[in-house]
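Heads up, the next two complexes both have subunit A, just with different partners, subunit B and then subunit C.
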Partner chain A sequence: MSEPATLPLVSSLLDAALPPSGLAWLDTARRENSQAFAAGGLPDTRVEAWKYTALRALGQRRFAKGDAAAQSRAVDASTLALPGIDGARLVFVNGVFRDDLSALESLPEGLTLQPLSQALQGDPEPLRFALSRHYRGAGDAFARINAANASDGVVLRVAAHAKIAVPVQLVFVGAAAETDLAWHGRNVVILGEGSSLSLVEQHAAASEQAHLATLVSDIELGERASLRHVVLQNAAVGASLIRRSSLRLQAHAQATMHVLELGGALVRHDLQVELAGNGSRLDTRGIFMPRSRQHIDTQLAIRHQALHTVSSSHWRGVANDRARGVFRGAILVAPGADGSDASLSNKNLLLSPGAEIDTKPELEIYADEVKAAHGATVGQLDPHSLFYLQSRGIPQAEARALLTAAFCRAVLDDLPDQPLREHLAALVLAHLPNT
Partner chain B sequence: MTMLKIENLHARVEGKEILKGLSLTVNAGEVHAIMGPNGAGKSTLGNVLAGREGYEVTAGSISYNGVDLLALAPEARAAAGVFLAFQYPVEIPGVNNTYFLRAALNAQRKQRGEKELDSMQFLKLVREKLKVMQISDELLHRAVNTGFSGGEKKRNEIFQMAVLEPQLAILDETDSGLDIDALKQVAQGVNTLRSPERAFLMITHYQRLLDYVVPDFVHVLADGCIVESGDKSLALKLEDHGYSGIGTSQPSGAAA
Partner chain C sequence: MTSEPTQITAAMGGNAEVVEALGRRYEAGFVTDIETDYLPPGLSEDIVRQLSALKQEPEWMTEWRLEAYRHWLTMPTPDWAKLKLTPIDYQSISYYAAPKQGPKSLADVDPKLLVTYEKLGVPLHERARLAGVAVDAVFDSVSVGTTFRKELAEAGVIFCSMSEAIREHPERVRQYLGSVVPTGDNYFAALNSAVFSDGSFVFIPKGVRCPMELSTYFRINAINTGQFERTLIVCEDDAYVSYLEGCTAPMRDENQLHAAVVELVALEGAQIKYSTVQNWYPGDENGVGGIYNFVTKRGDCRGDDSKISWTQVETGSAITWKYPSVVLRGDRSVGEFYSVALTHHHQQADTGTKMIHIGKGTKSKIVSKGISAGRSSNSYRGLVKVEKGAEGARNYTQCDSLLIGKQCGAHTFPYMEVKNPSAIIEHEATTSKISDDQMFYCRSRGIAEEDAVSMIVDGFCKQVFRELPMEFAVEAKKLLEVSLEGAVG
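Coming up: the complex of A and B.
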């Protein structure tokens, strides 16, 4: 990918290099990733992982470096509240930790939670492995610039056997600023052996400004650890949001994810999961609902690497107006992962003739006695159902919304937290036209 | 008083002419049975009345309480009191039956400028209607028709009719596939609603239902037209002799 001239985006992000951290290994990793980003530039659509997501327009934009005034940006904390969620909370505004909006006092026993900026001041050694990674893939541009420029984020640890029942809320807010900003968040979440954690990750907007954010999360589950992770992405309609979540599960660990993608102009989520230990299990459920000119791309990659690992993924896409949805679900069952069970389904609805969803399930199996099922569909609302509702007096727009919400709801049904489930279902309904 | 006046109705489906000059008049308070061979166009008539997309009216008119029914959207027809019990009720996974029914009733009330019912008022209404049309609590709380047996779907249609209290109910083979108890309940559902302000069009193949809901008129619909009309004795005649020999006499068109 030789770029004839450096793109405005690339040069503006490179200009925002961080001052020395005082940690030689960190500065080296930052420098090397920055150099890799400078050399590699942005992937174009010939790179398989970016086939359906063109970065041309984003490449022409410039962003100012992180927000110096982030501490004083007005954010109404009540807009971040979620029903039934009142535990520990960590809030970042334009990428910067905001103590005043966070709730870190009286953390439950076994939970360590702090912003990365503080963790680096304290004992950075446990973070060394995660923060000195080099990203070598052709599609890794944003991971590189994130590694080079991220100075804040979440560091969360659950001690072995600790059960953190009250969900921990992680909130990333975009707030109005004098100019469009780029910021980069780096999260490290580690669940000790036999521990459990419930996590709610929120992307919210306090303004409609078209900032760019990258977020890289490493989530490690020790043996028999269990994670419930809900992601509510409601970023500003103008925002670009590029996330990568990497999960690694040790033996008999279990992770369940429910993802709702509503906001953002250009949204990309790489969800990469390694089922590294025998008997580990992953369940993902997701809904993406691009409308107007939104582009929402989810790239799910699951690697079964050990015996009797299980993954089950159900994703639903609903595209309206001239929006575009992209879903790639790649499952690999590696040699030796015998007796594994992998299922993936992605069903999609197009609500208007100008909308588009590209979906691609991929399955590669190199092990024995593997159970696998995968499928993807793209369709329209069933005219028979629509007429049935209308014939009972329900106006067409309402009937369409009702059927679409029902279509989405199917993947929320197994979310055990009822108030949160109802909240997400209501957001889905409210996101649909004419309700 | 004339409620429904269909005149010289021609309708096409997928480019094929199905209704070929059908005329029928229904007055408030009347029950009309429509019989006829498979493929004659009976369901097509029901669908045209309810406003299903893809049914193209090429000639003729339908006036309902003096307004041009064909100009109304399906939901507006429903709000104006037209109800079609489907020959094949549709399964709608993910939409709760009770929620759906309340949404439907309130949508109709809203269109008519009436006050919407809150959940308590609606529940009371449902309980009242359950006395007539017994359907289990479990079915009420399942997704609309999803996984219902054939008979359960038909009962659900009648239950919806009971709650929505239409002025003109079109029952498309609601009696088909029902056991005898369900048939009696359907009949009771119709008879309970029967009133001088309401009218029923019952499409059926069998005399059985007409033993319980005695029609004022019986029509034979064949090849897109009403070819014969009579009183309840016509149905008995059909039961004995089938459709051969029907329609040789002049179609009477309007029955009243």
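Coming up: the complex of A and C.
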């Protein structure tokens, strides 16, 4: 941290600021976040939030800024299709909105969906609060550079009481380019009172290029709104992908998230949820499966701020080869958040001697009418179960894969969308060794 | 006085004349210091040297302290714990003080303290002792000390003060001191290494099972060992010792900061059981006063099949900050940590353990029970680390928190780092309050509210109390009752 500005990554990301947006408040926010990034540099492992994710190697790399030729990059639209998902679709290639790959015609009533670049040219005022944020934490480097440099992303609004049953698909694709690129996406999702939405967020690769992407999403749920959010992260094996999602739930709102982390070389996801309204509820389910030399870090932080809020989280990790899986699941129950019920479990399998799992469930409780529990385990497949399968004539490798897949699948069971569930389960199985 | 720094530099360079001159000066200093019996407040290389000279330590010890002091200077004050504390002015502390003048008689002692002793059933002569009243005729500690000493000496056990050990058994001290907690380990350990005033030294030779439970309480020279205690326990092959620290009755103490270091070394097949009941002055209901208890405790299972077990009951101190740890180096070695931490009023406790699995087939077990009442804050912070070579390592951790009252906090921060695929690591934690059902049940059976709470708390802590030596367990139970007074209703 002594001379942060000298890191190649920092200087390359600061290279050439965005052109003026025409909005004074936006330009100010961009400039100030850029200055904060320049001053703070990258967090090292002494910063608690980055204790298990070292940025030394990434810090030595340089990336070109944005992709001027993004519109012409070859992406096969059929590879982006997911079973049973055929509603509205918004596609970004190397961080740039691609009209030709998206499906924005005949949006259901009550749904507004457009790229941020267009939304800013229309009525930017509703975005002002989200886009003029300042990130002050010691570990906020990527949020700062994102705020400074993001020029595109998703703006999604659901009108009050509108029910959007057909899933909306958001796709972020990394495509081949002349050089490794850095791009930044900024998403704003707002669910009006009593509305509901099903959302599928997808990170895909059209090439194996080692780009760097940062993605910051703000998701607001109004009173009694309901969100089903599925994240399928299957970025290129060389890619660095750094995401921060902030959810805020008003009274009696409900959010369910299913996250599957498969791709990327260095993947970091900060998932911050604020249960701000009485009776709001969050369910998160996730699987991270790093292999070869992948590093996948999930930082889940849930704040119970109001009465009778509920959160339930089940995460599974499977680390293979020389990969590393990192998980932090922090639950905070604020003073006065009586009747909170929080549970979190993180179970992990270590499949190889070179792999590592670092897990840290946390409870911070400031109220007394509370039920809170967490559990974490790290271990390997049950030898008795393996023996049982082998004694029934199933070869060892296959038995291992079966048991591992079953271990992961357990957290997908409550995903109501059956074709999608089967698809995710198949991806999990395909990601395992020896099959 | 102005020429002092140059003299010291020269002495370090080995100039014999200057060393001699320095020695003379300290001799003189020694005499006057005996009269006043304290060093002026402040901390510098000079103070460290004077302290070492006062204690008639050999030169290697002085150098060892100085090295720690120089390292300490380079370290930043740690700020990562969830603690609210006023910064400590290290220059205002006197680093060597003889026993302070206590109250003249029991009549001068805070009546609240006396009521507590009454409840705990502490014998009269001990009450005086605990309250810091100068006792001579009442309690013949000298004779008690000598009887024990004879028996221990017959078994070949060395049990003496650290100062005595440095003088009488320098080779053993030199071999083990700082080998578990190096001088530069952390901020407070470095400070302790530089200025520790006294402590206990225990050495159990090969194959010996220590004939009795050793306790600082019964050792005369343990009185007022001061705020920077240093304890070293070494168990040779197949030896066994059970060591008790502290006592259940609250200790009156004027010192603000306690930064102790405890090192345990277990060689092949050795077993060390270390039990603590910490009940320093916690401050009053408004959080005024009280002890800062910043302790580094670490055990090293150096030999195969060795075992180290920590049991602690923490009810005192305004701020407790300690993580008794075990380094499981030997194959099949075992580490255990059983803890009850109770906080009330404005107390803050940040405590837990570290289990570092290095050897094959190592096992560790952690049971931590936190009880928060009033406006207190109680955190468990722990690390279970499995290194690459720790084939078949096994850990089980259970952390439960009980909340009593609306304004307290209970936190759990467990870290698990696993690098061996054959390891099995399990962690479970719960936080809850005493349920209304439980209370209703007790109340409907005619049990008073306070009794019901203490019954439930006792049940909550049972797993840990079971690990305490018998007489400690009985007292610990009473101690929780006393500490929880006024927490309900």
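We adopt the following convention: the second predicted complex is superposed on the first by the 430 of 435 C-alpha atoms of A that agree within 3 Å, B and C clash if a C-alpha of one lies under 4 Å from a C-alpha of the other, contacts with A are read in each partner's own complex, and residues count from 1 in each chain.
Assume a contact is a pair of C-beta atoms (placed from the backbone, for glycine too) under 8 Å apart; a residue touches a chain by one contact, two chains touch by 3 or more.
Note that the structure is predicted; figures quoted are calculated from it, not measured.
In the superposition on chain A, A:377 makes contact with subunit C only, while subunit B stays out of contact range.
When both complexes are overlaid on chain A, the residue A:402 reaches subunit B alone and has no touch with subunit C. When the shared chain is aligned, subunit B comes close enough to touch A:410, but subunit C does not. Of the two partner chains, subunit C is the only one that A:360 touches; subunit B does not reach it. Shared-chain residue A:368: touches subunit C; no touch with subunit B.
When the two complexes are overlaid, the chain among subunit B and subunit C that reaches more residues of subunit A is C.
By the touch criterion defined above, A:19 lies against neither subunit B nor subunit C after alignment on the C-alpha atoms of chain A.
Contacts of A:389 after superposition on the shared chain: subunit B is touched, whereas subunit C is not. In the three-chain superposition model, subunit A touches subunit B and subunit C at no common residue.
On the subunit A side of its complex with subunit C, the touching residues are 48, 52, 335, 348, 350-353, 355-380. Listed in rising order, the residues of subunit C touching subunit A in the complex are 80, 386, 388, 401, 403-433.
For subunit B in complex with subunit A, the touching residues are 50-53, 73-75, 77-79, 83-84, 86, 89-90, 92-95, 100-101, 103-105, 107-108, 111, 143-144, 160, 164. Listed in rising order, the residues of subunit A touching subunit B in the complex are 382-385, 387-396, 398-399, 402-403, 405-407, 409-410.
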